[in-house]
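Shared between the two complexes below is subunit A, which has subunit B as its partner in the first and subunit C in the second.
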Partner chain A sequence: MSAAEWRNAMNAGVGRLAMGKPVKAPALQVKPHAFQSPIGLRHVVVLAFLLAFPLYATPFLTFQIGAQSLALGLVALSLTFLGGYGGMVSLAQMTVAGIAGYLVAILGASASADTSISLGWPWWLAVLAAVIVATACGAFIGWLAVRTEGIYMIMITLAVGVAFYYLCLQNYSVFNGFQGFQRVKAPTLLGLDWREPVLFYYLVLFWSLAGYLFVKYLIRAPFGVALQGIRDNPRRMNALGFHVTAHRVAAFAVAGLIAAVGGVLLVWYNGLITPNSVGTSWLINVLIIAVLGGLRHPIGPFIGAIVFVLLQTFAIDLIDRERFNLVIGAVFLAIVLFSPDGLLGLWAALKTKFSTPRGGLK
Partner chain B sequence: MKKRTFVRTLVGAAVLAAFSGVAYSQQTVKIGLLATLEGPFAAGGADGMRGAELAIKQKNGMAGGRKIELIKASSDAKPDVAVNATRKLVEQDKVDIMVGPLSGGEGIAVKEYSKTQPNITFINGSSGAQATTLVNPSPNFFRFNTEGAQWMVGLGKAALDKGYKRVMVIAEDYAFPYSQVQGFMAEYCRLGGKVPVKAWVPLGGKDYASVIARIPKDVDALVVVLGGADAVNFLNQYEAAGGDKPMVGGSITVSQDILNYKGKRRDSLVGTIAGSPIADAYDAPEFKAFVADYQKNYPVSAGGYPSPSLFALVYYINMKAALDGLDAVKGDLSGGQAKYREALQKMTLKTPVGDVRLDANRQAIGSTFVTEVVKDAQGNLFNKVLRRVDGIDQMLGMKKEEFQMGSRDVPSCP
Partner chain C sequence: MSRFQKWFWGLALVAPLTVFVVWGVWDNAKLFFITLLNGLTLASLYFIVASGFTLVFGLMRNVNLAHGSLYLLGGYVGYFVAEKTGYFVPALAAGFLVAALVGLLMQVAIFRFMQGEDLRQTMVTIGLSIVIADLMLWSIGATVHQMSAPDWLAGPLRDIPLITAYSKYRMALLPLGIAIGVLLWLFLNRTRVGMMIRAGVDDRAMLAATGVNVNLVFATTFAIGAGLAGFGGVIGAVELSMVPGEDVRLLLASLIVVIVGGMGSVVGAALGAVVLGVAETYGLAYAPTYSVVFTFVILVLVLAFRPRGILGQAA
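And then the complex of A and B:
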């Protein structure tokens, strides 16, 4: 059965969601092997650009633009995976990242007004535990949310996220309340300080690439194909013998793992974590990043994150200092208005329009 | 096409902005200014910027023979946002001196960041957390304003003078109110006052019913350390619940928005005492000149306040310190700004509310006011100065060994 036939068969199903105009979902990919597709010129160009970036950029650009974009992109990637390939929009991905960040601070070393909270475990143990627990939390949030769909799932995950925010804000014995934790530092390993801008950039780049390739692989693996089937027609997949709920919870666990790694990198990037790091604005920012880039491909969240961070950093230089949020809002609005598929959709539309055969850029 | 051009223009502009921070003449001194133009303290942040700009205007944009170039940035009272904005000013815009931020949590985070930039001098904006200069102080972070606990000195005695022997504390649950409550209680408890109950409420809370229900019958007054909208909400609900206890206010509690409060309990606000680094009715000539200058430059029609706020005053003081320091070294910032820092450390700063010196942790030793709400002939409420307390250091006059930083449970005298 070809991909097109498969999709037609799915779309003809009785359980088709009647949700107005659906977001254009990524095409179902059923190629059996992950790395079968040839490595194109554009992959080489982008990778070379990313690897060489710190060589010609200032430490500021490397750290604040490069590293921050990639770390945020990694968290948003978890949402792209859930939303684009699982059809589930979760607002709690920053919460999962925040759980990982908090655990790194609590189990590892930090300085706060009350330093007795941090347990001072070795960093690798703290990070390992943080990622495992956060992944479990991600799966648990999924287990709570997967029985609902659409706007109800958004509401449940938002509620979980806001509840965690208030827990952090008001619990003093574990989360240290409003103050959170300061000086959560990336470790020194092999005699190198991984908080140095260039090294930290490569650390984040490594994990971002790992996350990207992991998602690329997964969406072509049987699990990912089944997930996309569930996204397109859960009732038919159920009839075919797939355990829909289990697949969805597993997808949340995978997304939780990606978000947890992103969360550890973010807490090292910021060097601190406070309840604001998991507040409502960040829950929604992750969605903005994912939608901005486009949900149709795992590269989308990274592109979205770059645009987001560039705007956050430089919008204030473009316009009157008191009004710079207007620029940010206007650009987001323009992108979403002109291209519901985000920047990737914009690119695809332009490519079709001018149908130039070159393919250098993303 | 239009869309593409738009996006390209934007990206182009962003790239230009990114690389414009390279070439600079030796003549100008770049000062970065960070305040909250977004979030809960947006109004205060805008007024803080007015205060800082006023200090530069008064010197015609020159200090130590060099022209001042001001580069502003905004945060939203979140520590991570404040550090990102500061990092941009320091590493991208290459400022020589950094003034900011506004709130306590931000101040601690920016102080931590300042340690990674030993060649830049950081001067506080208006953040008032005790820990900023008490715990792990940074050698290049200076604070020329007194902080939350210092602002409350003198209030404990004033409360006892009013006959309040037992009080309940109602305060927001974060660093700044902890400091404020400590500043009050350190003195109040020492002089024999009792605080049987402390209620810590979340910042931005809307419902105070449970707190009001916990107010014991036998307390003489309520110490209310809540900011703007929180204070108004509390007052409304306390009035609706039939409460009649007098109030003692924190530094940002009895501000103009509270005095404009229109409820039935309005008259009961008369007699409310508070501690604050600024008092609208203070009649020293320097302060009157400052207020007149503020009003001239930022009339109400141009978005200013009728009278400068606490944030305007404190940002003004810190920016003035930065400029006076430049004057003292004649604009010499060489050698990693060593001379400049020495000048700051030794300086006796003239401010509209009295002289300020720095202690060994680069924290201000200065004056504060005890104020009382009174009604004028037209029936308007305003803050009268009861007492000015001078020379308050961060230890609040205690010995280093017996001083404990304010927290939820410290100090305690039930």
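And then the complex of A and C:
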């Protein structure tokens, strides 16, 4: 397949996302299994770079840039899985992550200013319960959202997400209102304090890699292939005997699990959770991160997250710190307007332009 | 659904509501009816804003997530015009016109070039809403801007049975909402442009084939839809207040109104607005910290039984 064809197929994919109906015949290619495909040099280089990152970076870079990008990337990965492979764009992924974060704070230990809502369960039980409940919530949101298609889904998931935000804001008996929960700390395990920048970085790196490989595996597994078939042509898959709704809800559950893990890591990273953590801007930021990187490969959200965090951290040097939203909004607009496949799409386009016709794009 | 199921679920929905109404009237009739009026007047505002949203969505399949930003923009413009001139009606007109102009610009400069790419259009509106919101925060600041009602609508309306007195301005919103609904209905059903818009909702390609300038129809609709958001903003600047964050609130309201009522239908928007407005105010009055839960339950119930909204039809 030539690069131009590939791009056309991807663009058609975006159109398909939108209309819920295929424009062209589905162009699903099943590549060799992820673990069967050879490990290229770039994989080794990137992995080595990530593993060695804390050795030459300052703790600030390790923690603020490294850990934060990876944790945000993990949450955005759940959206990439849903949107890129399931054809369903959900804006409620940060809500699922937020539910996990809130549950860690409520069930486990935290310190809020004047109330003591936290139940003080052992951390492993709180985290386990948080991940399970948040995954269930993700599946429930999916069950609601898959009743409609395409563009409606964005509206419904956004409505659910914003409703949860207002619930957290208004409710004091469970969610502690505007203040939320402070000092939600990563635990001390094996005598190591996992909130230490370097250790925390490796913790997040481990789970990000796990999430990445999990998605990589899943999209070549029968479930993932069926899901992509449903994305391309739900009616045909239905005729083939696949339960379309069940696959879609299951995809939401999987995405919920990934987002929940990301949410736990995020609450440990921030050390606190407030309604703002699940506010509209964060719901949308997850979409921005996923789209910025590109929805067509599970590495996309991590690239998007790195760019996002770098912009967030260093926008202060470019222009006023307060104007971060303007910068990120403009970047997002530019990407959506000029390169709908995100930075990965931009990279692919550049590669095509400057590569000799010999290789082409695979 | 079988007949039994219909009766069962109907009863399951109606019975608790009836119990609540009887209890509410018996317990504190004044509070109950004031809340009802508050709910209906809030619904009126929701309807004005959401009807613009649903109009644009119905014709162009464009989910304009910058609708809330247009609402806020209209509110600010109205506030400053009212401050300068001292009159309310010019403020309303200015709010409508500025928002309509921005909407027109969005359609002509951007959305015209991505016809049929729904998801991309939606993402562009998300980007635009972030940029517009931040520009407004930059230039106007985060302080609360609240307009006072014009003199002829200021003060309370006295001597109403049961509730004794009620704000004149809020009371006036009720006929205003109805008037706008009727005007919109007349416009869509009795004028030539309205006919074209309805034809476009049903079949865009066929409308273009009959020689109608579809781009012009689209631009008009987008301008009216955006203008309604701005118009609602000026009204909201008095009834609520203008502050960053309100855009999200009204966007959420618009979303829920059209999801509950049925997307692309103006009558559905009216129905959804009444359901949402009344549920929200009763929630705030009777169970303040859980009021948004009622909204959510309504959303879930509607999606469970009528996935396309109460009056929605298959796309």
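We take it that the second predicted complex is superposed on the first by the 309 of 362 C-alpha atoms of A that agree within 3 Å, B and C clash if a C-alpha of one lies under 4 Å from a C-alpha of the other, contacts with A are read in each partner's own complex, and residues count from 1 in each chain.
Please note the rule applied: a residue touches a chain if its C-beta (ideal position, glycine included) is under 8 Å from a C-beta of that chain, and two chains touch if they have at least 3 such contacts.
Since we're looking at a predicted model, the values are computed, not measured.
Engineer: May I ask you to decide whether A:317 touches subunit B, subunit C, both, or neither, giving the answer as first, second, both or neither?
Structural biologist: first
Engineer: Once the structures are superposed on A, label A:155 by its partner contacts, choosing first (subunit B), second (subunit C), both or neither.
Structural biologist: second
Engineer: Mind working out whether A:89 is in touch with subunit B, subunit C, both or neither, as first, second, both or neither?
Structural biologist: After superposing on A, A:89 lies in contact with subunit C but is clear of subunit B.
Engineer: Can A:325 be said to touch subunit B (first), subunit C (second), both, or neither?
Structural biologist: both
Engineer: So, A:274: does it touch subunit B (first), subunit C (second), both, or neither?
Structural biologist: Touch partner of A:274: subunit B, not subunit C.
Engineer: Please work out whether A:183 is in contact with subunit B alone, subunit C alone, both, or neither, and reply first, second, both or neither.
Structural biologist: The answer is first: A:183 touches subunit B but not subunit C.
Engineer: Just checking: does A:284 make contact with subunit B only, subunit C only, both, or neither of them? Give me first, second, both or neither.
Structural biologist: It touches subunit C, and subunit B stays clear.
Engineer: Classify the contacts of A:109 with the two partner chains as first (subunit B alone), second (subunit C alone), both, or neither.
Structural biologist: In the superposed model, A:109 contacts neither subunit B nor subunit C.
Engineer: Could you say whether A:170 touches subunit B, subunit C, both of them, or neither, answering first, second, both or neither?
Structural biologist: both
Engineer: Counting contacts the way the document defines them, which residues of subunit A are shared by the two interfaces, the one with subunit B and the one with subunit C?
Structural biologist: On subunit A, the residues that contact subunit B in one structure and subunit C in the other are 166, 170, 172, 322, 325.
Engineer: Which residues, counting only subunit A, touch subunit B once they are in their complex?
Structural biologist: Interface residues on the subunit A side: 58-61, 63-64, 68, 111, 113-114, 166, 169-170, 172, 177-180, 182-183, 270-272, 274, 276-277, 279, 310-314, 316-318, 321-322, 324-325, 331, 334, 338, 346, 350.
Engineer: Within the complex, which stretch of subunit A touches subunit C?
Structural biologist: My answer: residues 14-15, 17-19, 89, 144, 147-148, 150-152, 154-156, 158-160, 162-163, 166-167, 170-173, 280-281, 284, 287-288, 291, 322-323, 325-326, 328-330, 332-333, 336-337, 340.
Engineer: Given the complex with subunit A, which residues does subunit C contribute to the contact?
Structural biologist: Touching subunit A: residues 61, 63, 65, 110, 116-120, 122-124, 126-128, 130-131, 133-135, 137-138, 248, 251-252, 255-256, 258-259, 263, 288-293, 295-296, 299-300, 303-304, 307-308 of subunit C.
Engineer: Within the complex, which stretch of subunit B touches subunit A?
Structural biologist: Those in contact with subunit A are residues 3-4, 6, 10-11, 13-14, 17-18, 20, 37-38, 46, 72-74, 78-80, 83-84, 87-88, 91-92, 105, 108-109, 112-113, 131, 135-136, 173-175, 202-203, 405, 407-408.
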